[in-house]
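Two complexes, one shared chain (subunit A), two partners (subunit B, subunit C).
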Partner chain A sequence: MAHQAHAYHMVDPSPWPLTGAVAALLMTSGLAIWMHFHTMTLMTLGMILLLLTMYQWWRDIIREGTFQGHHTPPVQKGLRYGMILFITSEVFFFLGFFWAFYHSSLAPTPELGGCWPPTGITTLDPFEVPLLNTAVLLASGVTVTWAHHSIMEGLRKQAIQSLALTILLGFYFTFLQGMEYYEAPFTIADGVYGSTFFVATGFHGLHVIIGSTFLAVCLLRQVQYHFTSEHHFGFEAAAWYWHFVDVVWLFLYISIYWWGS
Partner chain B sequence: MFCPLLVDLLRQISLTGWFSYLRLSSRRAGRLSISWSLWLSYFIINDLGGELGLRPGVPPVSSPAIFVTSTKLGCEAGRQMEYLAAIRVPAMRRLIQVSDGVSVHLKKDLIDKLLYRTTMGLRVGGVVYCLVALYVAAQPSNK
Partner chain C sequence: MNHLLKVPLLASRAFSSSARQLRNKVPEAQKLFQADNGLPVHIKGGTGDVLLYRATMTLTIGGNLTFNCSCSSLAYCYIASLLNQANDKGIFKSLFSLQEPATLSTGCSSPLCLRRRRRGQEELGSVYFTESLAQSNANV
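Entry: the complex of A and B
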């Protein structure tokens, strides 16, 4: 075993940061090549490399924490700080899109008709599918909290059921939002209304998919007995991320769907 | 993995709903419905009551730790019914904790090596392809 006189984790040399950086290079260059030369090979290669990197890097973290016991309380504290800082950076990411929306909607230009929503735009009724989406995400917030308490109390069956329900609700949201996108009477090309709407809600939808995937991995780990009632930070991080996604939706609903309609 | 879980959940919901219906209808229908509802209540309390804390006279307490991290797993596992998956954490620990100087990303020998070499191959090939593609894209067009 390791002979260290401290509680911190000196990580084994890992190739995954480099492969991740190369994946980012291939994806960005591939995006430019796709736009100019209509070939997706480079971008697809980058995406495959990104998936391989994510799988192996996080697999190694699970090995280090769950199987090698390196995630001592000080190490866990660092992981918590890391997740909080990451979510904070995501908040700033969305802040930019909300800035763009309010910049355009608080002082609509004459080209838009001097009004918001702009002339010619048929908005979505905020009390139909968007309201259902709000209820679905709020319910998923309840079920993920239920899952957390079940894990802390050692109730395995309830933890698995509530976590599965949370993931199902996430998929239901994604499905409903997909249907809304298909049926919407306006597109991303319909002026600044279309741009702000689809970019903000589109990135939110991507984050819902990421959050659902994170929770699905936690479900797999829960089934495999990785979590204990005292130590389950992977799940806590997923739950924090999910609550963040939920809060962003609430802001989107109130700003863009309700006030902006 | 999800099928028994969903079946279990649907079973709970349908049984609870059926029990509530029978309980309401027994007031009008008489003894037969009362006996049906009693049978169902016995079934629900005994089958599901353990985890819902409904067993008569027993306060809702959490079951002993099913999530195992200590070496006590061997004796405790016999008392716990494994739900949905076998407990493989101790075996994985023995495998991953072998002190052979191998980095954590190659601990499982064959499958790890295969994935690692595929990833490295894609990385090197991808960088070369990317540089060539960018060089070609940077050439001025003849239009």
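Entry: the complex of A and C
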């Protein structure tokens, strides 16, 4: 059997980039077809294919790292760079929506009444559910750090408890935000206020769901003994993503909920 | 996906000190995935892997074919011909109730369509068409 004389990972040929690309094609064209011809088949097919691709691709990465030992220190360094660059791209994604909010709110047009919040908009009280949401996410930042230290110190039971608590707090945030959306006295169609509010907080909520799912996968892996006290990069990546989600919320709270009310 | 449903049960088992500890199956998995059988990692896990791969590929190829049928230029040509037929029947004219100039009542003004219609109108002996064709030529 030939062995490699270097520490890098030459990946096995994989079909998942192709299936992922086709999934993206079907989802986007399916979205257009849904809008014009009122049939969801192509889009649904694309979504199923996307889920299958994500499951199998990430399953393979776990196999390569945890079971085959390919994630050597140089490889792990590359994975760290990759996660940091991805989170940076997400920061720029949210920057755009904050730009839109400040563009409209710093110089409100006569059509809005020349004021912010615009005439006729009843804003949410920033010191009610939004403040609770802030406390929930800050607490989840503490519990995820507790989970990290537990993993590093080899405390299995504590790691599982703190990680589960983090996920529960994430679900609690999503539930509270869902209730707020339902009860809100304005909609996405209510001028630029509604647009900026729901698009910015909506994308943030989607990222909370993604982050909670990532942490749930880490919980499953922790229960199955995948992580060691020295090597648990999957968990670290999830924790970084979670802190990023928390920071975005803090900016949203201060800009849109508090200053914008 | 099914193993995700076991998370609450597994978590509560892990919390309870009297419950039987979940066995560490990582060494077995390491042995399976380090076996020297030349299989790529995406099907190295066994029959389940192969079935899931085949199902995914079937959806990929099937989806591509569906996309080609719904979004290809062939589909656009078919839809364009449907729209032309509807225009010839005067459906859009009645929908929008417009006082249209003679040029528009002839429908599509491409050379191919004009030639086809001229042939058809000549058979019916319509003078009107010839006049409107002259008008449209003058306008151009």
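Definition applied: the second predicted complex is superposed on the first by the 259 of 261 C-alpha atoms of A that agree within 3 Å, B and C clash if a C-alpha of one lies under 4 Å from a C-alpha of the other, contacts with A are read in each partner's own complex, and residues count from 1 in each chain.
As a working rule, contacts are C-beta pairs under 8 Å (C-beta built on N, C-alpha and C of every residue); 3 or more make two chains touch, one makes a residue touch a chain.
Only a predicted model underlies this, so the values are computations on that prediction, with no experimental measurement involved.
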Once the two structures are overlaid on subunit A, check if subunit B and subunit C clash or fit side by side. clash
Once chain A of both complexes is superposed, is A:Y81 in touch with subunit B (first), subunit C (second), both, or neither? neither
For A:K157, decide between first (touching subunit B), second (touching subunit C), both and neither. both
Between subunit B (first) and subunit C (second), which, if any, makes contact with A:Q56: first, second, both or neither? both
Is A:V22 touching anything from subunit B or subunit C once the two structures are fitted on A? First, second, both or neither. both
Mind working out whether A:Y8 is in touch with subunit B, subunit C, both or neither, as first, second, both or neither? neither
So, A:A216: does it touch subunit B (first), subunit C (second), both, or neither? second
Overlap the subunit B and subunit C contact sets on subunit A and report the shared residues. 1, 12-16, 18-19, 22-23, 25-26, 29, 33, 41-42, 45-46, 48-49, 52-53, 56, 60, 63-64, 66-68, 156-157, 160-161, 164, 223-226
Complex interface listing, subunit B residues touching subunit A: 1-2, 5-6, 8-9, 51, 62-69, 83-85, 87-89, 92-93, 95-97, 99, 103-105, 107, 115-116, 118-120, 122-123, 125-127, 129-130, 133-134, 137
Under the touch definition given earlier, write down the residues of subunit A that touch subunit B in their complex. 1, 12-16, 18-19, 22-23, 25-26, 29-30, 32-33, 36-37, 41-42, 45-46, 48-49, 52-53, 56, 60, 63-64, 66-68, 151, 153-158, 160-161, 164-165, 223-229, 231
Complex contacts: residues of subunit A adjacent to subunit C: 1, 12-16, 18-19, 22-23, 25-26, 29, 33, 41-42, 45-46, 48-49, 52-53, 55-56, 60, 63-64, 66-69, 156-157, 160-161, 164, 216, 219-220, 223-226
Where on subunit C is subunit A touching in the complex? 1, 3-4, 7, 10-11, 14-15, 22, 24-26, 29-30, 32-34, 36, 40-42, 44-45, 52-53, 55-57, 59-60, 62-64, 66-67, 70-71
